[in-house]
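Some notes on the structure that comes next.
Chain nomenclature is as follows: A, B, C and D, assigned in order of appearance, with residue numbering initiated at 1 for each chain independently.
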């Protein structure tokens, strides 16, 4: 899919280079009832969203808080139940996956959350946290998993002995590196970065963005990058979708046009 | 309008729960070992054969369980909770006579424990490491650990023999019955010891609760904002922090009402206070099951009423709930 | 700072320390700056650099384990640090007031917005309850809150984040204070709302000539709103000057690195730079208690020389009329 | 594995603490040993348990046989005096303690088992399960616990087992409410979602991820539950609903209730025993509370 706006009709093109194809994704949350008998009122968090993500690229979703960007991303990797819609991942509609089939498919798509201080279980050591995906999806033998953990720590720029430390012994930036190592453990094709750098200081933010870029180059990873910071999105993403009140209102490759010009330009 | 809707919903919920209590009572009668008729008649008084036979027909014990439930319900709904052979009165009137005494006791204890408990907690939160605060913590622990019937007996001993300035049993002065205002004063005098005994345990709980919540409130952002506005400490604490501290206390007060009631049974037994608690004690001695189960039901009604009241008070204090943002 | 009037706020060698497990740990070391009337001074730095502690020290609202270990804070000629509790209450909300980062929790959820604004007026201007509410409505209009006469009876949870911050601003400016301290006023808000709050602050400043101390880590805000800026790193001021001078001609390697880290939004057609690495500052801020006499930025500084490793951190050396920097090699780094 | 075009990622090992911290449970244990109330409570409780277990060997008097004239004040022959029948109070305390402490312990276990199960299921799953379980909890809450237990014991017989089960069955709502609140809070934290994303099923999430983090407040409420159960057993025995042929502290008070003016010691010593036991347990609960949230302790 070259630059330019995606034409409304989908031209037939090479299936292989599209990793993820989301069609008319809808997520409604029940929000209590008006009267005792009245119909349950619903929050229309995501209201019919469609987009495609090419393999090895970074698809950015930007929008204000409450625009539904995080809900969309978490619904795509089935962390939040979608009301309706298709999620074709690597040719299969994972929206229909259930139980064990879904659980095993999770090795293909992982997530890094925004707040490093609540994304790591405070009662377990860093090594165990990175190992957890391998244990749950029983990838490789125990010895291999141990080696894999050390190798992952190395790749995200943390020393091997970090494996024995508890989350409260790391800084915000280091914790985010742990989360990235953990997301990479089962060697996924897609990693959702849900505001992964928003809670970090500017200098640390740059380190993490460069780390993610390096890992994408080396491993051909595909990212869905969620943020409210247009500067970061424009710098980091190949394609951008802008969400407003649960809908995609604008979609284009990044460098062509900045859309929401509200950020104080320097 | 929203409030009315809420109250209707609360009442519906209450009726549902009380209906469940009645079903529970019914099941208890049938689940208890032995013949339900015996249970209904009560082993002690009036257990003659023909009374049992009459009861069998009255409660349709020969019919299917479901029909029995229906007959039991139809009776209870019309207020017929059975007949107490020991007291020779319908159970309902027996209980209605005793409810006021228990209400005086429980409400006096509740008010005393919430007010004193909150005061102790709030004051000790100001200087958490201060001497006063340590003292309050010790009193709280002791008050919580002392069994209420034991403290009751202690007070009975103290004011009964050592320092006889307070009446130690019953609700009114039987020797010199008084009328009008003096009568009320007499009841209050009799009420002091039992309500204090009952309140002690809950003063302990509320002071701990108030202390922890006040400490949290004092570190909240809005208290910092209040101070940044140059408001004097009295307003910062009295207006801003206190009202936020009251919310958990009101919630717990609603939930604790059942425990308060349970404590009343013990206190009434110690001070022979003529309430439902004393009635329960007597009905157990005489295996008077209908009364026992009826008291259980009526106390559930009172606790339900208390929950509804505390919920309304809660909505009064916290506007977030009032506007439906549950 | 060439200003004819005496500065509204003058902070000299302010140091704040935290009572750690063994002895006091410096959080802020020898910070000095002045703010003239109607001017905005920005304190910029990453989390943990002590900028918020400065604000709380000025307001004498330091949390329990933090104390001012040295320095003076003069507000409109009065010594804040020597003020008695009664005098302090007279200053806060009246001569100097503050708005905080989390508008969600900074307002008391159980009282109406009008009541919380009216409180300041009742306390400092001895207004009656009705007049105070009256004034509160005017102030709500002044901060551009629509339907102010209705919103005055609203509770905080019924307002959006942006609205609540406007209420905080109304509350802070109700008694026309000489100084307004804004501690990261927009960090918790959306980008679009941030711009509105910044516009509001600058507009109110023009009308009321209030001096503002703006605490932020957003360099964009500094460029747009601040007249002067002080860059803080690990509790020390490493660069100071007019915002134009510091932003266009940063001298300290940390300030320069900070500028380069931020992926700036290029409007219009821009070169394809997604593959380029963002300039980054490796390592992390030295934690509290691990800050020796030498330059705090040394472990992360790419242009550190021998002089930096042997000498302690230099005091602020004024390079020009409106700029000063604390770096031995600033001439080689930014000629 | 250094990458090609950027220098090897700087290993900011220098700023990582060298020694790994000990596990949170060990930290909590160490904090507990430092909290005066915790240690004091544990010591007193240990003494109580030891006396009830080994007491009968050293102090061979049987609590039921008549040792001396009724209401003999504490003196040489009966250290703590005799009760209304002339039975030895000290023997009663030793043997009674065994019943009271076991009932307290077992009933607390039942309470926590039911409470944590219901609380965790309703807190974790939410939705219909949550509404149903909350309704059940609400139902149990409107019945005054002691009254309900009295009805159960009266109908199902006054044995130690029915008393224990009755106490357990009526007092689980407190633990259920607390567990549900903890699970609701923890369920939304990212590390639970992260584990689910890593392939964890509900079972793993509940038992291995959420429960360990919810344990501290549950342990405190479990400790408190023992104290509540002891007071409960005392109340039932006091009302004559305890197991008639096993001596327990509450029973001693209940039997001598009417003679308090004749022999104060018949009532004060058993009551003091309950008081000390429950106080010790509350101190332990306080100590654990300090250990798990030091923030409170710093402010005293």
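Just so we're on the same page, contacts are C-beta pairs under 8 Å (C-beta built on N, C-alpha and C of every residue); 3 or more make two chains touch, one makes a residue touch a chain.
These figures come from a predicted structure and were not determined experimentally.
Q: So which chains are sitting against chain A and chain B at once?
A: C, D
Q: Taking each chain's centre as the mean of its C-alpha atoms, which one lies nearest the mean of all protein C-alpha atoms here?
A: Taking the mean of all protein C-alpha atoms as reference, the closest chain is D.
Q: Pick the pair with more C-beta contacts: B-D or A-D?
A: Comparing B-D with A-D, the pair joined by more C-beta contacts is B-D.
Q: Just how far, in Å, is the C-alpha centre of chain D from the one of chain B?
A: 23
Q: Taking each chain's centre as the mean position of its Cα atoms, how many Å separate chain A from chain D?
A: 45
Q: Just curious, how far off is chain D from chain C if you go by their C-alpha centres, in Å?
A: From the centre of chain C to the centre of chain D is 50 Å.
Q: In whole angstrom, what separates the CA-based centres of chain A and chain C?
A: Taking the average C-alpha coordinate of chain A and of chain C, the gap between them is 34 Å.
Q: Mind pulling the chain B residues that touch 2 or more other chains?
A: Within chain B, no residue touches at least two other chains.
Q: Mark out which residues of chain A touch at least two other chains, giving numbers and ranges.
A: Answer for chain A, listing residues that touch two or more other chains: 171, 174, 210.
Q: Please set out, as single numbers or ranges, the residues of chain C touching at least two other chains.
A: 277, 282, 284, 287 - these are the residues of chain C that touch more than one other chain.
Q: What part of chain D is in contact with chain B in the complex they form?
A: Per the touch definition, chain D meets chain B at residues 37, 135, 138-139, 141-148, 150-152, 154-157, 177, 227, 231, 234-235, 238-241, 250, 253, 257, 260-261, 264, 267-268, 271-272, 274-276, 278-279, 281-283, 286, 296, 299-300.
Q: Report the residues of chain B in contact with chain D in the complex, numbered from low to high.
A: By the definition above, chain B touches chain D via 13, 17, 20-21, 28, 31-33, 39, 128-130, 133-134, 141-142, 144-150, 153-154, 156-157, 160-161, 212, 215, 255, 258-259, 261-263, 265-266, 269-270, 280-281, 284-285, 287, 289, 292-293, 295-296, 299-300, 303-304, 307.
Q: For the complex, give me every residue of chain D touching chain A.
A: Chain D residues touching chain A: 1, 3, 6, 9-13, 15-18, 20-21, 23-25, 189-191, 193-201, 204, 209, 212-213.
Q: Mind listing the chain A positions that touch chain C in their complex?
A: Interface residues on chain A, with respect to chain C: 58, 64-65, 171, 173-174, 201-207, 209-210, 213, 228-232, 234-238, 254-258, 260-266.
Q: Across the complex, what residues on chain C touch chain B?
A: 59, 61, 88-94, 97-98, 100, 102, 105-111, 119-120, 123-124, 155, 157-158, 168, 171
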